[in-house]
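Next up, some structures in C-alpha cells.
In the two assemblies presented below, chain A is common to both, partnered first by chain B and then by chain C.
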Partner chain A sequence: MSAGGVVSLSRRSISNTLRQPQMWVPSMAFPLIFTALNTGAMGRATRLPGFPAESFLDFAVATAVVQGVLFGATAGGSDMAVDIQDGFFDRLVSSPVSRPTIVLARLAGAAVLGAVQSLVFMAILTAFGAQVRGGAPAVLTIVAVAMLLAMAIGGLSVAIALKTGSSEVVQAAFPVFFISLFTSSAFFPRELMSGWFKTVASVNPLSFMIESVRALIIGGFHVGDAMRALAIVAALAGVSLLLSLRALRSRLAAG
Partner chain B sequence: MNSLGIALSLAGRNLLLMRRIPSVVVPSLVFPIFVVIAFSGAYSALTRLPGFPVDKMIDWILPMAVVQSSAFGGVNVGLSLVRDLQGGFFDRLLLAPVSRASLVAGPILGAVVRAFVPLAVVLATGLAAGARPRGGPAGLLMLLVAAEGVAVIAAGWGVGLALRLRDQRAAPLMQVGIFLTVFLSTAQVPLAVMSGWLRTVATLNPMTSILALGRQGFIGPVSWAQTWPGLVALAGGIAVLGTFAVRGLAVAEQ
Partner chain C sequence: MSKPAGAASPRAANVEVRGLVRRFGSITAVDGVDLDVAEGEVFGFLGPNGAGKSTMVRMLVTLLRPSAGAARVAGYDVVKEAAKVRRVIGVALQDAALDPLMTGRELLRLQATLHGIPRGHVEARGGELLERVGLTAAADRRVGTYSGGMRRRLDLAMALIHEPAVLFLDEPTTGLDPMSRISLWEEVRRLNIDHGTTVFLTTQYLEEADELAQRVAIIDRGRIVREGPPAELKAQVGEPTLQVVVPEGDLERAAEVLRHFGEPAPARPDSLAVHLAGGAAGLAAVVRALDERGVQPVSMELTAPSLDDVFVEATGRRLEGAQADPAVPAP
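Up next, the complex of A and B:
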C-alpha cells in the first residue's frame, strides 16, 4: 500500500465530489436551513428548566456539523458504486494499486471533506452569533471528530457500494443515517425527552458523541468530553473500515 | 370524449401509476409518519412553554404531518407528469384535439383522490399513537379540507414546474418549495413560541392559516375564527398555483 496511491485516489475522490454540486450542496445547505428554522422555532426552549445551553444556536452547532457530515459522507459510497458500474473499479483492480488503497483513498477523501464542512459550518454559525466556548482546542477536536465520522459513514456507504454495486442502493441507505440522527439527542436535549423516545436516544451512540461535542461548544474545553467524542467516532470508523475491507475482499473473491 | 371525460381518464391514469410504481408513493407516506413519531418524541417538552395550546406534542404535529403528506402527494403528480413529458406521452396529448384545461385538471384531480391515501394512513398512525381530535368529526372534516386544498395547491406547483422545466431538474424544486412553505410556518411550534425572523415569516405565510384550519380540531372545538383565514388562504393558493399550472401549458406547447 503506497501513500502516493492513497493521495492520488483520494484527490480523485474529492474532485469527483466537488465536480457534482448535487452531491455536496444539499449536505451544506440543509443543515444550515434546519439550524435557522430550529433556532427560530425553538429559541425559547432554552427557558425550560434543564436545557443545557443559554442560546439555542450554540446548542445547534454540534447538530449542524454532525448532520452535514452524515449527509455528505455518503457521496464516497455513491462514487464507488458509479466506478463499479462504469468499469473504472475493474481497471483499478487490474492495476498495480494495492487493494486496501482503493478503500482507504475513499475514506481519506471523505475525511478531508468532513473537515472542510465542519470548519465552514462553525465559521458561518459563529458569524450569526454562535460561540464555541472551548476555543481553538474545541475547534480542533470537532474537526477531528468530523473527519472520523466522515470515515465511519463513508466506510459504511463504501461497504454497501462494494456489496451491491448500485449507487441507488447506497442512496437508499441515506434515510437510515437520517433516522439514526433523529432518534438521538441531536435536535433536543435528552434531559427534556420522555418515554420510549428518551430510551431510544439513550442507547444511540450518536447521542453520546453529539453531547460530548456539544459540551465543548457550550461548556468549554474538557479533555474528558474531547476523548469521549473521539473514542466513539474512532470506534465507529474502525468498525466501518473493517466492514468496507471485508466487502472489498468479498467482491474481489467473487471476481 | 368531452373535457370532463379526458380529465377523469388522466386522473385515473395517475392513480394507476400510483399502484404500479409504489416507490413514488411510499416516501410521501413514510416521511410524514417519521415526522409524527420523531417530532412528538423529541420535542415533547416544548408543550410546557407558555403559549403552547396543547399538552401533547402529537396533537400539534399530527395535523401538520397530514397536510405535509398531502402536499408531497400533490407534488408527486408533477413528478409523474415529468415522466410523461420525457416519454413523449404528453406531447401526443398536446397534439390531440382535446381541451387544454382538461390536461391540467386531470392530474390535479388525480392529486385530490390520491391525497386520501396519505391522509388515511398518517392520520390512523397518529391516532393510534395517542393523538386526540377534541373537535370531533367537525375537526377531522377541517383537517380533510386543509389536506385536500393543499394537495391541489401542491399539484398546481408540481404541474406548473413540470411543464416549464420538462425534466428531472423540476423534482428538487418541487420538493424544496413544499418543504420550505410548510416549515416556514407554524409547522413545529405556535407563533406565540417562535422568535425572531421566523415569527415574522410565519405570520405572513398563508400556510400558517391553512395549518390553523386543519389543526383546530386537535386543539379544541371548531370555530369560524380559525376556519375562514384558512379557507381564504386555500382559495388564494389554488387560484395562483392553478393559473401557474394552466399557463405552463402554453410554455410546454412552445
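Up next, the complex of A and C:
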C-alpha cells in the first residue's frame, strides 16, 4: 500500500464531495435546521424531571454532529458507486495501486469531512449559546468520534456500492441509517421514553454513543464517557471496514 | 523465447496468449484464443460488437480472470503476477472513464501518483503529456467540459504517464469525429515509432486496423478466424483488381491484352477491369503489353481486397455494420 496513493485518492474523494454541493449542503443544513426547530419546540422539556441537561441546545449538540455525519458520510458510497458505473473504478483497479487502498482512501476522505463537519457544528452551535463543558478534551474526543462514525457509515455505504455497483441502491439504503438514528436516544433522553420505543433505543448502539458524547458536552470531560463513545464507534467502524474490504474482494473475484 | 527471470533483466514487451477462455454463465465470450504480439508491434484486434474484444482486453489488463488458458504480458502471468502486469501496462478502456469533476491536470497528477512516479517528477511529466496530446490550454478545466476527442486524448495521456511497455487501447476512436480519429491515430503511430511502445488495439473499424496495425487478428464469436499482416490477409482472399480507363477506340484492343492477365471483373462502361493474377507484381507486365499494342491508358487503378473482404471470406458476413451478436447463443 502506498501512502501517496492513499493521500491522492483521499484528496480526490474530499474534493469531489466538495465540488458537488448537493452532497454536503444538506448534511450541513438539515441538522442545524433540526436543532433550531427542536430547540424552539421542545426547549421547555428541560424542565421535565429526569431531563439530563439544563439547556435543550446543549442537549442537541451531540444530535446535530451525529446526524450530520450520518447524512454526509454516505457520499463516499455514492461516489464509489458512480466510479463503478462510469468505469473509473476499473481504471483504479488496473493501476498498480493496492486494491484495499481504493477503499481505505474513501474512508479516510469521509473521516476528514466528518472531522470538519463536527467542528463546524460545534462552532456554530456554540455561537448560538451552546456550551461544551468538557472543554478541549471533549472537543477532540467528539472530533475523533465523528471521524470514526464517518468511517463506519462510509464503510457500510462503500460496501453496498461494491456489492451492487449502483448509486441508487446506496441512496436507497440511506433511510436505514436514518431510522437507526430516530430509534436511538438522539432526539430525546432515554430516561423519559417508555414502552417499545425505550426497548429499541436501549439496544441501539447509537444511543450509548450519543449519550456518552452528550455527557462530555453537558457534564464535563470524563475519561469513562470518552472511552465508551470511542469504543462503540470504533467497533462500528471496524465491522464496517471488514464488510467493505470483503465486498471489495468479492467484486474483484467476480471479475 | 525464454528469458531469465532476473529482476533487472529487461523484459520483452510482448503479449503471449494460449488457449484463453472466458465464460459468462452459459455464454463463452472468448473461446480458446492463441495469439502473440511481438515487442514494438502495433497489433490490431478486429471484430464486430460483441465478438469478445473487450473481454479479451479485460483479461489481459487483469480486470477479468480467465476461465481457462493463460496469458502473459511483458513476460508476467496475468493471473499469478497480476500486480507486476499492472505496473508495466498502460490502459485506455472503452468509454474513457474520466472523473468529470476533476481537471485534466488533476487526473494526470492522480494517475502519476497511483503509478508511484516520484513527487518531484509528477508535474513535469503531466505537463509534457498535456502538451503532447494538445490539452495544455484545457488542462485546468474540469473534464466534464471536454469534448469526446479531448477525453480520449486525456485518456491516452493518462495511459502513458508511466511510459508503459505495452499499451492497451480498447476501441480508442469509437464515437469520435473523423478529425479527432486521425489525430489519435497520429499520436499512436508516433508513440510506436518514437518510443517503440507495443500497442494492443481493439477496433471495429477496418480502416483503423488497416491504418495502424502491423498485424491484425480478426475475432468473431470468441474465436480468432484470421491472423496476420493486413496486406497478407488481403492477398490470401484474392487478387487485386486492376481497373483501366482507355480512350473509347482502344477498348477492344485493351480487353484483348488484359484477358491474358486474369479473369475479367465488372467495370464502368468507359473502362475495363481484371482480377490481376499474380497480384500487384504483374502490373508492369500489363503496362508493357498495353504499350506494345499501342494502347495509351487514361488511368489505371489497382484495388486490393479490403479487410472487410477478409472478414466476409472468414465468416460469411460483412464486418461493417455487423450487429452485436452474442458470442455463442445461449442454449
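Definition applied: the second predicted complex is superposed on the first by the 255 of 255 C-alpha atoms of A that agree within 3 Å, B and C clash if a C-alpha of one lies under 4 Å from a C-alpha of the other, contacts with A are read in each partner's own complex, and residues count from 1 in each chain.
Basically, contacts are C-beta pairs under 8 Å (C-beta built on N, C-alpha and C of every residue); 3 or more make two chains touch, one makes a residue touch a chain.
All of these numbers come straight from a predicted model, not from anything done at the bench.
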Answer with first, second, both or neither: which of chain B and chain C does A:Arg12 touch in the superposed model?
second
Regarding the shared-chain residue A:Phe197, is it in contact with chain B (first), chain C (second), both, or neither?
first
Looking at A:Pro96, would you say it contacts chain B, chain C, both, or neither? Reply first, second, both or neither.
second
In chain A, both chain B and chain C touch residues none
Taking the complex as given, what residues does chain A use to touch chain B?
33, 36-45, 47-48, 175, 179, 182-183, 187-188, 192-198, 200-201
Chain B - residues contacting chain A, complex
30, 34, 38, 40-46, 48-49, 180, 183-184, 187-189, 193-199
Which part of chain C faces chain A closely enough to touch in the complex?
58, 61-65, 83, 86-87, 89, 91, 93, 95, 97-99, 101-102, 106, 109-111, 113-116, 119, 158
Okay, in this complex, where on chain A does chain C touch?
2, 4-5, 7-9, 12, 15-16, 19-20, 83, 86-97, 253, 255
